[in-house]
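What follows is one structure encoded as structure tokens, with my remarks underneath.
Labels run A, B, C and D following the written order; every chain starts at residue 1.
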Amino acid sequence: MNFDVSVLVRGVEGIADPEGRTIERALGVLGFPGASAVRVGKIINFSLAADDLASARSEVVEMCDRLLANPVIERYDITINTAPAS
Amino acid sequence: MNFDVSVLVRGVEGIADPEGRTIERALGVLGFPGASAVRVGKIINFSLAADDLASARSEVVEMCDRLLANPVIERYDITINTAPAS
Amino acid sequence: MSITDITELISKDARHVPLGLLDKEYGSIIEVLGRVPTDVELAMYSVMWSEHCSYKSSRIHLRRLPTKADHVLVGPGENAGVIDAGDGVAVALRIESHNHPSFIEPYQGAATGVGGILRDIFTMGARPIALMDPLFVGPLEDAQSRYLLDGIVRGVGGYGNSVGVPTVGGQITFDRCYERNPLVNVFCLGVLPIDRLVLGQASGVGNLCVLLGSRTGRDGIGGVSVLASAGFREDEGGAKRPSVQVGDPYEEKRLIEACLELLDAKLVVGIQDLGGAGLACATSETAARGGVGMDVDVLAVPRREPGMSAVEVMTSESQERMLAIITPSSLDQVLEVCRRWEIEATVIATVTGADESGVGHLRILDGPDGPVLADVPARSLADEAPLYDRPMLEPANLDERRDTGPANALVSSDYSEDLKSMLVDPAWIYRQYDHQLFVNTIFGPGDADATLLRLAGPGISHTRKGLAMSSDANAAWCAVDPRRGTRATVAESALNVSATGATPMALVNCLNFGNPEHPQVMWELSETVDGMAEACSALSIPVVGGNVSLYNESAGRDIDPTPTVAVVGLIDSVVRRPPSIGWIARDRIILLGERSANVGGSRWARDVHGVRTGQIDEVDLAKHKVLCEFVAQLVREEAGAEVAPGLVHGIHTVGDGGLGVALAEMSVASGVGCEIDEIVDHRELFSESVSRAVIATGRADELISRARSMGIAAIAVGVAQGDRMRVSQLVDIGLDELSSRFHDRIERALGEIASH
Amino acid sequence: MSVNIAIIRFPGSNCEFDIEEAIGKLGANAHIVWHQEHDLSGFDGVIIPGGFAHGDYLRCGAIARFSPVMDAVTRLARSGGPVLGICNGFQVLTEAGLLPGALMRNAGLRFVCETVEVEVTSNHSPLTSQVALGTRLRLPVNHGEGNFTCDEATLAEIESGGQVVLRYVDNPNGSLNDIAGISNREGNVVGLMPHPERAFDLVVGSDDGVPLLASFVRFVEEHVASHVAVGRA
């Protein structure tokens, strides 16, 4: 089966986010002072061939732990959907 | 009112995604050959003070057009939720 | 309070234990204060009296290093050493380690290591113009070591490149002793007009302390006491995560510019960076150095997160912050400069006078008139940590370890293959670093034995002088004999600098060692300091600064003693590019220095045969000094004249990998092979006896007779020619293969090019 | 008469002093201008130097284009004034819409600092107007995001319009059609990833950047002369 996987990787709470801060400052200068608490993350989309949803999920968890996220400073959220048959 | 905004910025179709390609290769090497069509995007979360949903949305569209995405290489998707009253 | 009272207090109260303080240290605190410390006081003592901040295990040894010379303006003890380079220009230099953080999170660990050392330099009033990054990781065959190397290199580049300071050199060592404890040392050098020199001192009762830069978050709390001052046990990486800091090079870039502008405008009385131990360190050190007190309003400190306690604020190691001491009348101008550079600036403290007995107190207040959370003699935090003369023990099996017999009995079936396996081009590393910014780089990484820069930079007067620098370390030599190994390391570094025509002027060192509670490690440290002192005295190179990193151990195994040194030298006039490590077809190849067939302590014995024992040759330091001066003179003649005498075409010192690796690198650099007939013994090819250099020349007789007239041994070993490297019956390798094995080593290991 | 060239300094610029020194050696007056300035009258040409204008976390040059000085740069460019962007300056000019296309992360995802060979492929720019077509130059590159890209229509247009002024001989970053530098259609605005100011003296290894920057200064001088002539007529 084919699955559409989306992994959202974000900094853990309390870790500084220089990119978010810079964007926040720039938005303020551009006339959007209402924006605050800007945080930037990364989203990784891919399709995955796997036997079933459970094995897809466990494979993606392993991918995250080993490659996609750095557990020391990042956390991740996984979304998996069954890909529409094409 | 306060809104939780999430802007997803991705490369437009047809533009190379070197980061996605590299991750795909690395996943293959690590023993996950089932992953394909890897694309990487950026997600920008922030809270926004605005009068109502419509004005929040139009403000975020403007932010995207002016700063958050480069239309030559990127497209964006906006999600806005009402922030839980605290 | 009586001793028994204190003992009783300690036994009831275990607050100090999780902070890494010993019972007797807690007792000393109670004795200093005459009472039980508050939480804020205790937290400040725990970070300031940590190994990392107080050098409590190493201080009594470091005193033996020679630190004086006429040109030394600032020696050890300040944020950086400073030397006079003439013409109103001074040079500030320092080296630091960021070992433990780089193991936990290689990118951010290395990045914040760069950030920290930069602040040590610009806090002296110098503009940072050069970084070097000696790195030590496990073998490339080990997957975790490859991951660490990749992250560390990205981190150094990610920070250095965008902060706008070029990384102009460094070193890379692969050895299994670093497998679970990589070392990231970072050297920085800055230049300044002498009259901008400023010290990290508070003075002037009523003066204000302004905190500049990033907001304070919960990053790196207890980093110095919990992280840098204890080893890693098996699988402990995770538990120490809260100490990870994230660097922001853009904030640092603006901080550099703002601080230099404040100093140029004479708006600052004293300034100090915030590094390990954060505000506790910056406030107590500046007050102690100036013999004054300080009232800190901890509520005034801008925070990144809600709900932070005073303890957290005082000990946070959030990056990119500085503390400036200014007169109240200059506040508006200071704020204006900071506003221009988009730097947050907040008055957080005032300078107070000493008490009737001459002691300046650091007081932490919760709000301008709020309750006093801490009141301690500033000096007791900064200067009065307990000093330990820890037990030392010479290892029992020294004779066996130093026996050169086993190494010298080794033979291989294919010396060509041995040599190829020993070649590593660090270009994969330095290609990821901006190494040309400021257009000063005459010899960048990979070009010569040392980096050579124009002595120039924004804001200082232009000269024709050159500034040479080399960072060196060889733990394998030191593991067998730390004293002799360190002498050889200093000698090698001085010769590298001399090979670009410069005279060595100053040295900084980073002593990376294992657990100081192991008596053998303390013996190694002590021997190393003695070796460094002997070499620096004999070669007239003052030690102007250093850093000690202890507890480099993993799962109970200490790393090999790794003293890193960086020598900086000056050359009066560079009007042409001096000769580098290439040669020209038909050059004669001359070896300067004594021949040796001892492969004890060599990389060949260690990496090819797994034999880690055997002494290296002793360096005759008096003779070595003559060699350094001779080599520098030869190169200066080529660099300083509009028309070069053309005696020296190429030069390369012999070090790690011996003559074989030196000749291979010269062949690859020039694209011309060589025919070496004088070397017939494989041991001579791989011996790492220092105090030797290879010179390529078209006028061999002249060169040899000049050398011999100085009492320096010199022989012709072969000629540069053809497209193969040939050494008697030992080695025969085509240049193409030699080049690809050299250039591709790291990429291949990382899978960035397919392996054969 | 020596011309006045503004070198724009953002808080994160870092090559401004290097280009100032190079332009000074060519006999023009180089002035460093803070990004908060609104007015560039009195300047005959503009250079945006390398660096990391505003930290460049979001996209290189994305925030820089909103600095007040960029309105003045845009006015000068639209009125035919010579504008040069080097490295980060090139990124700023594409973000500001003064040059077509965009610069993405290098194909290898690694920062590259090395000396590469480029070939002059068009004279239709201030940087190359005085340099023979086909000239090969050795110039340092130093960037993490130098991978030029654009859509097919734009590519066809810049190729046919002679707007590709420099091409890599051996592509270090994956850029489309080996593009190292481009000009606008009018030929007065030019951007390139390599650093000509870093190749300005044989002591540091190469002086191949001299003809390019000398060409730029000459172009500025001619632009001034033609305006003076127009003004008189």
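List of remarks:
FYI, a residue touches a chain if its C-beta (ideal position, glycine included) is under 8 Å from a C-beta of that chain, and two chains touch if they have at least 3 such contacts.
These numbers were taken from a predicted model, which means no experiment stands behind them.
Chain pairs A-D and C-D differ in how many C-beta pairs are in contact, and the one with more is C-D.
One simple way to say how far apart two chains are is to compare their mean CA positions; for chain A and chain C this gives 37 Å.
Chain A and chain B have CA centres that are 10 Å apart. Among all residues of chain A, those that touch two or more other chains are 18, 22-23, 26, 30, 40. Residues of chain C found to touch two or more other chains are 248, 250-251, 342. The set of chain D residues touching two or more other chains comprises 54-55, 57-58, 63, 66, 108. Viewed as a contact network, the protein chains fit none of the simple shapes, being neither a path, a ring, a star nor fully connected.
Of all residues in chain D, only 54-55, 57-58, 63, 66 touch chain A in the complex they form. By the touch criterion given at the top, residues 104-105, 108, 214, 217-219, 237-238, 241, 244-248, 250-251, 304-305, 318-319, 342 of chain C touch chain A in their complex. Taken in their complex, chain A has these residues touching chain C: 11, 14-18, 21-22, 25, 70-73. Taken in their complex, chain B has these residues touching chain A: 5, 8, 10, 20, 23-24, 26-27, 30, 32, 34-50, 59, 62-63, 66-68.
If you check the complex, the residues on chain D that touch chain B are 58-59, 62-63, 66, 94-95, 101-102, 104-109, 147, 149-151, 174.
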